[in-house]
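The structure under discussion appears below in the form of structure tokens.
Chain naming follows the written order as A, B, C and D, and within any one chain the residues start at number 1.
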Amino acid sequence: MSGEYALSSSELTKVLSDIEIAQRATLTPIEEVASKLGLTPEDLECHGRYKAKIQFEAIARARTRPRGKLILVTAMTPTPAGEGKTTLSIGLAQALSHLGKRACVAIREPSLGPVFGVKGGAAGGGYSQVVPMEDINLHFTGDIHAITTAHNLLVAMIDNQIHQGNLLAIDPRTITIKRCLDVCDRALRHCVVGLGGPIHGVPRETGFEITAASEVMAVHMLAKDIPDLKKRLGAMLVAYTYGGHPVTASQIGAVGAMAAVLRDALKPNLVQTLEGTPAFVHSGPFGNVAAGCSSVTATILGLHLSDYLVTEAGFGSDLGAEKFIHIKCRSLGIQPDAVVVAATIRALKMHGGLALQDLDQPSAERVAAGMENLLHHVSIMRSFGLPV
Amino acid sequence: MSGEYALSSSELTKVLSDIEIAQRATLTPIEEVASKLGLTPEDLECHGRYKAKIQFEAIARARTRPRGKLILVTAMTPTPAGEGKTTLSIGLAQALSHLGKRACVAIREPSLGPVFGVKGGAAGGGYSQVVPMEDINLHFTGDIHAITTAHNLLVAMIDNQIHQGNLLAIDPRTITIKRCLDVCDRALRHCVVGLGGPIHGVPRETGFEITAASEVMAVHMLAKDIPDLKKRLGAMLVAYTYGGHPVTASQIGAVGAMAAVLRDALKPNLVQTLEGTPAFVHSGPFGNVAAGCSSVTATILGLHLSDYLVTEAGFGSDLGAEKFIHIKCRSLGIQPDAVVVAATIRALKMHGGLALQDLDQPSAERVAAGMENLLHHVSIMRSFGLPV
Amino acid sequence: MSGEYALSSSELTKVLSDIEIAQRATLTPIEEVASKLGLTPEDLECHGRYKAKIQFEAIARARTRPRGKLILVTAMTPTPAGEGKTTLSIGLAQALSHLGKRACVAIREPSLGPVFGVKGGAAGGGYSQVVPMEDINLHFTGDIHAITTAHNLLVAMIDNQIHQGNLLAIDPRTITIKRCLDVCDRALRHCVVGLGGPIHGVPRETGFEITAASEVMAVHMLAKDIPDLKKRLGAMLVAYTYGGHPVTASQIGAVGAMAAVLRDALKPNLVQTLEGTPAFVHSGPFGNVAAGCSSVTATILGLHLSDYLVTEAGFGSDLGAEKFIHIKCRSLGIQPDAVVVAATIRALKMHGGLALQDLDQPSAERVAAGMENLLHHVSIMRSFGLPV
Amino acid sequence: MSGEYALSSSELTKVLSDIEIAQRATLTPIEEVASKLGLTPEDLECHGRYKAKIQFEAIARARTRPRGKLILVTAMTPTPAGEGKTTLSIGLAQALSHLGKRACVAIREPSLGPVFGVKGGAAGGGYSQVVPMEDINLHFTGDIHAITTAHNLLVAMIDNQIHQGNLLAIDPRTITIKRCLDVCDRALRHCVVGLGGPIHGVPRETGFEITAASEVMAVHMLAKDIPDLKKRLGAMLVAYTYGGHPVTASQIGAVGAMAAVLRDALKPNLVQTLEGTPAFVHSGPFGNVAAGCSSVTATILGLHLSDYLVTEAGFGSDLGAEKFIHIKCRSLGIQPDAVVVAATIRALKMHGGLALQDLDQPSAERVAAGMENLLHHVSIMRSFGLPV
């Protein structure tokens, strides 16, 4: 069935846009979706009817169960438009469900910044979407807001520490952490803060990054539970002293407040695909600066509560999948059971030498030439001893 | 009954702190609380078990019903610790419930900034609290995050407009709107943004304010529905052209995106008091820069679904209550049916001439002298023809 | 004679502008001008043919001689165009010379900034000018450049001190001294310096002022000799420590280098009036922030080498003359022997109530009304017991 | 003779420092020095007894005479301490004088910044110095102050142009010219100016450079006369418009004021060597950003008024001498008659591979190895067809 959809979706999307498809969907109540994974209403913290956070108790319980298979979706070197890893992951999970398997999918939460930029959301496409799509693309369950707040609370405490006598002897010019916002705001990239005289802090050069690039996001993705979250937050390097010694968030005394702000955000979010397959959409670090994958907590839940968890790792296999295996899998103590390398005709043509603006033109020759890129990504995955 | 609690709470709080009291409370499921106001489960968008947003349809339906009585709680000129308007409002609503009336209370959402600062939350105290207190004091249902995002989206679009050719001829030095964050961050009060060369925008002096001081928050408080929200957002003055003409958010083209971000935030939040009385906690503009009261949407719901809605207006009657009547009541087309002017022995002593550090000492003389302040506030309220 | 010139100059200047008059003048070689004061060629350090600095030895020698009379020229409250104190001072000295007295005049050095601004130079006007006028209005003998350099050297050393470990524990936000330039440069009034990362100093808010407003200029005006210069430079307050203690230029270790840079600038400059009367043009602090008069060294020379020294004090008698008497005279241990309060019909009309744009219209009534201002300035001078 | 001095000076300087030698020197009156070049007192504008500027009329007159030989002193790749080109040039001119030739030397004016830094002045060393050394190392005849002022006047006019409506549509982020000061001031390298609100200009990122790096200095070095100066100043590129078109100083309307400020500075300065040989010390652009040599006007004078003019070109032959020939000689229409490539044992050892801190140790092997560097510089000069 999934294959059929894949074939027909390109035609259908000429008629129905992603958002139209998402809005026409009839959604299953989230308690019912959760029950497919053996989760009870008590395991859920509902956000409206179709979104729920999963309680920590349910995660702890899941870890005692045997785990299913982990299928990693990665890609050849992508074109600027992306190669559809998310769409493919969702489709694969739906297909496995059609085959009668207990399957679920785990993907990242979209950033709001790009939603209002050119890239659009990140909830899949065509008939391989997670829903309620608009909610997921906007505030969803507030995780990214919480991460923004925790991050900025830390930086405010650093500046306040310096303003209040600077007992840690932090050199303000060496503060490595910027502030963050989940808005694409060019003018905040480079700024001078702390102006306005002695009562308004210490002047220094800094900037804002998008929340998906925050190290707090990376920590949120990797943390197994609240104690692990606190340990990872506390270890964050934020600055250097005048003497050249590193200063951590723990020394700033920010960990307790940050963990309080992040408590709910650490609970995985459960939604569904257009066909009612359970889908975890949780955490969203950028693949270029961090391991661009969904959370460890969501992976644990999905892996132990289903036969197959399909998940994706951002960018090509050389960047996203390597980080997934080196960082996230090592932290989890597991390996993927299978790897899928997504490829598109467009990407093959591009890597075969066709210019970006000409990718819409057919060229069997360029496609063949582009196979070299695809095969290299396959070989990377094979070098880990994984079935591709 | 409320009187009894008021008497005993000062003793009890020697034993139990506010947070202990709140954590020991047994909460009623929010559907049950909602049913006291005639709201059905379909009217609710639940956030966990004890918080719910009310759908716009329910607001529209409520407006067709006759309205109950509006009781405004204001205060004499406050001490820095506050004079307990919120606690008194909650207590009053609970007392009316004990008397068998259909009563509810409407208060403001707390800012996160002060929560981590010295002031603590704003969910009442002792046995006159709204719960779940910790949730309300942290992210709650995400309204303040949405307001922060909408506000910063607007400012990012202004800077982007200037960067992309400045067709509106905005003089960057006249931009009146700052950015905002829900974090107490001294170092952001005054900053220079847009640094880093031509591709990173146009350098200009600006700053951040706390979200409670955002004009978007004031708009959120006053907006009756989405069209009204859009109209008010669009009218926001954000800058001047080189020729001295005002520029509005509407000219920036930001209204659609801002309204999309604020859509859910406009729905009133329903929680409960420690005794299960329905409580709306919605919107939270600062009283010193805006009308410091809860939202118009919450007021409409509370007023039309109960016999008595108790609500408060920030600061003393000369600031908060006058704005409440001049701005919010005018917008609603109603007047309060009764006014309560909160007074404390501490405030009377302070206005009687006792120094701040001596307020713990008894002084009947100073209390008597401080009555002048209280009586003036009573006379202000009487000047509106209101029963005090 | 001076009266005749005063009468005729307004007519003549319809035909010849100040600069034309100055350029047509036949100048006396400066050695010859100097000889009128008993100065020998060895006492001079010539700058071209018509400008000379006077050696310190000549000053020391002059102090051993009896002193002449000191005539102070001040003014009623001025109009924006100035009331001609400089012109009057030069004219008076020329008149005294015509009467056969050994007379000279001492005025301030013009700032370059206003020369290229709207105000024009400050070398007198009509036939009461000091010459070579263009030289005096431009670099002259380099004094203002030296003051600029000494001033900025001090500030560079402060910033460098902070950058190199800040052993004095200076709070960079409390540095009271700005940098200076002898250029009207609006964009430098408020700036943030020390940007660019740890190797480029410590970011802080500061600004530039015009050199005439520099405290180094005020010190230059008051210093009797090199040791006095060093003492006064060393006492300059430049910042505060984190503990709130004042930091002086002496603690910065800047005095030696500053004095080296200022050595030649401390020697008075001798030029001549259009009629060959000796004229000292030396030092130039702004009257609004300092004692707006020429240097103590020039006053000593002029006073001891002639019968009459005519000198001026900037702004009205309430500002310039009071500072002259309170600060400069006290430092010299003398009092003026006579005071002249300059008044113009324009100023009388303005203070009589005529609007600025109407000052060209005759109005005997307004002139009479404006006498009140003039009489008050006369009474101020009388309050010092001085003949006006 | 020069060889003798070279041999003995290293011994003598163990006893007498450069400054002691300079201070013990008996100087010849500058009129007498000038007369060696056929210059009359009327050709001079004296600054004290031992410094004079040469009038433009004398330059014009000199150009009508036949020219002498031009000897260029350059060097192998220098060590950080410099290889003594200035000392060698002065020594060569003195030696030629001893041989009975009419010889003079032309070198650059020292920057004040490095004088107070680590490098010391640039007036030669030992018995090959130009004097009065202290004057030359401080303000000298004010040329560098004038260049600083002209430069900053231009930039102030650019900022003012933008502030006053920006009729030229200059993009403030593209202004290529910084301000300058003749002070080593790290904190001014990167700054944000134009802060303080709409009346204080337009905020923008910029910085200060040392005056020797100013393009106005390069223009001052190359300008033959006032019209040429104006033409070169007017052609200076200072910014780009929003449309990407270049903006010149001429379009800013700054050329007249700049030329007025630079008028006297364009006249070459005449001083003497310790042995009374005429020495021109005029203009001082940095060799790393400009042609690091003395002025065209000084070269014209020296070349036409003597048999041999010895002059130097900053840095190694690959940088300084190439620029001297490509830029300055082309502008003059001449070629050097002979080239001297300065070499020191220290530099040979360094280029032979000895570490900087070991240069004091003897090593014949390293000296031999370093010859490769020297020979390459010789070959560069030979490639121009010049006798080395």
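Convention: a contact is a pair of C-beta atoms (placed from the backbone, for glycine too) under 8 Å apart; a residue touches a chain by one contact, two chains touch by 3 or more.
Note that the structure is predicted; figures quoted are calculated from it, not measured.
Asker: Could you pull out the chain whose C-alpha mean position is farthest off from that of chain A?
Answerer: For chain A, the chain whose C-alpha mean is farthest off is C.
Asker: Using CA atom averages as chain centres, what separation in Å is found between chain A and chain B?
Answerer: Computed value for the inter-centroid distance: 34 Å.
Asker: Between chain B and chain D, what distance separates the C-alpha centroids? Give it in angstrom.
Answerer: Chain centroid spacing, chain B to chain D, equals 69 Å.
Asker: Measuring centre to centre with CA averages, how many angstrom lie between chain A and chain D?
Answerer: Roughly 60 Å separates the two chain centres.
Asker: List, in ascending order, every residue of chain B touching at least 2 other chains.
Answerer: Those would be 192, 195-196, 202, 204-205.
Asker: Thinking of each chain as a vertex joined to the chains it touches, would you call that graph a line, ring, star, complete, or other?
Answerer: Chain contacts: single closed ring, each chain with exactly two partners.
Asker: Which residues, counting only chain B, touch chain A once they are in their complex?
Answerer: Chain B residues touching chain A: 45-49, 112, 116, 138-139, 142, 145-146, 148-149, 152-153, 155-156, 159-160, 163, 179, 181-196, 200-202, 204-205, 207, 257, 260-261, 264.
Asker: Over in the complex, which chain D residues touch chain B? Could you list them?
Answerer: These residues of chain D touch chain B: 165, 171-174, 192, 195-198, 202-205, 242.
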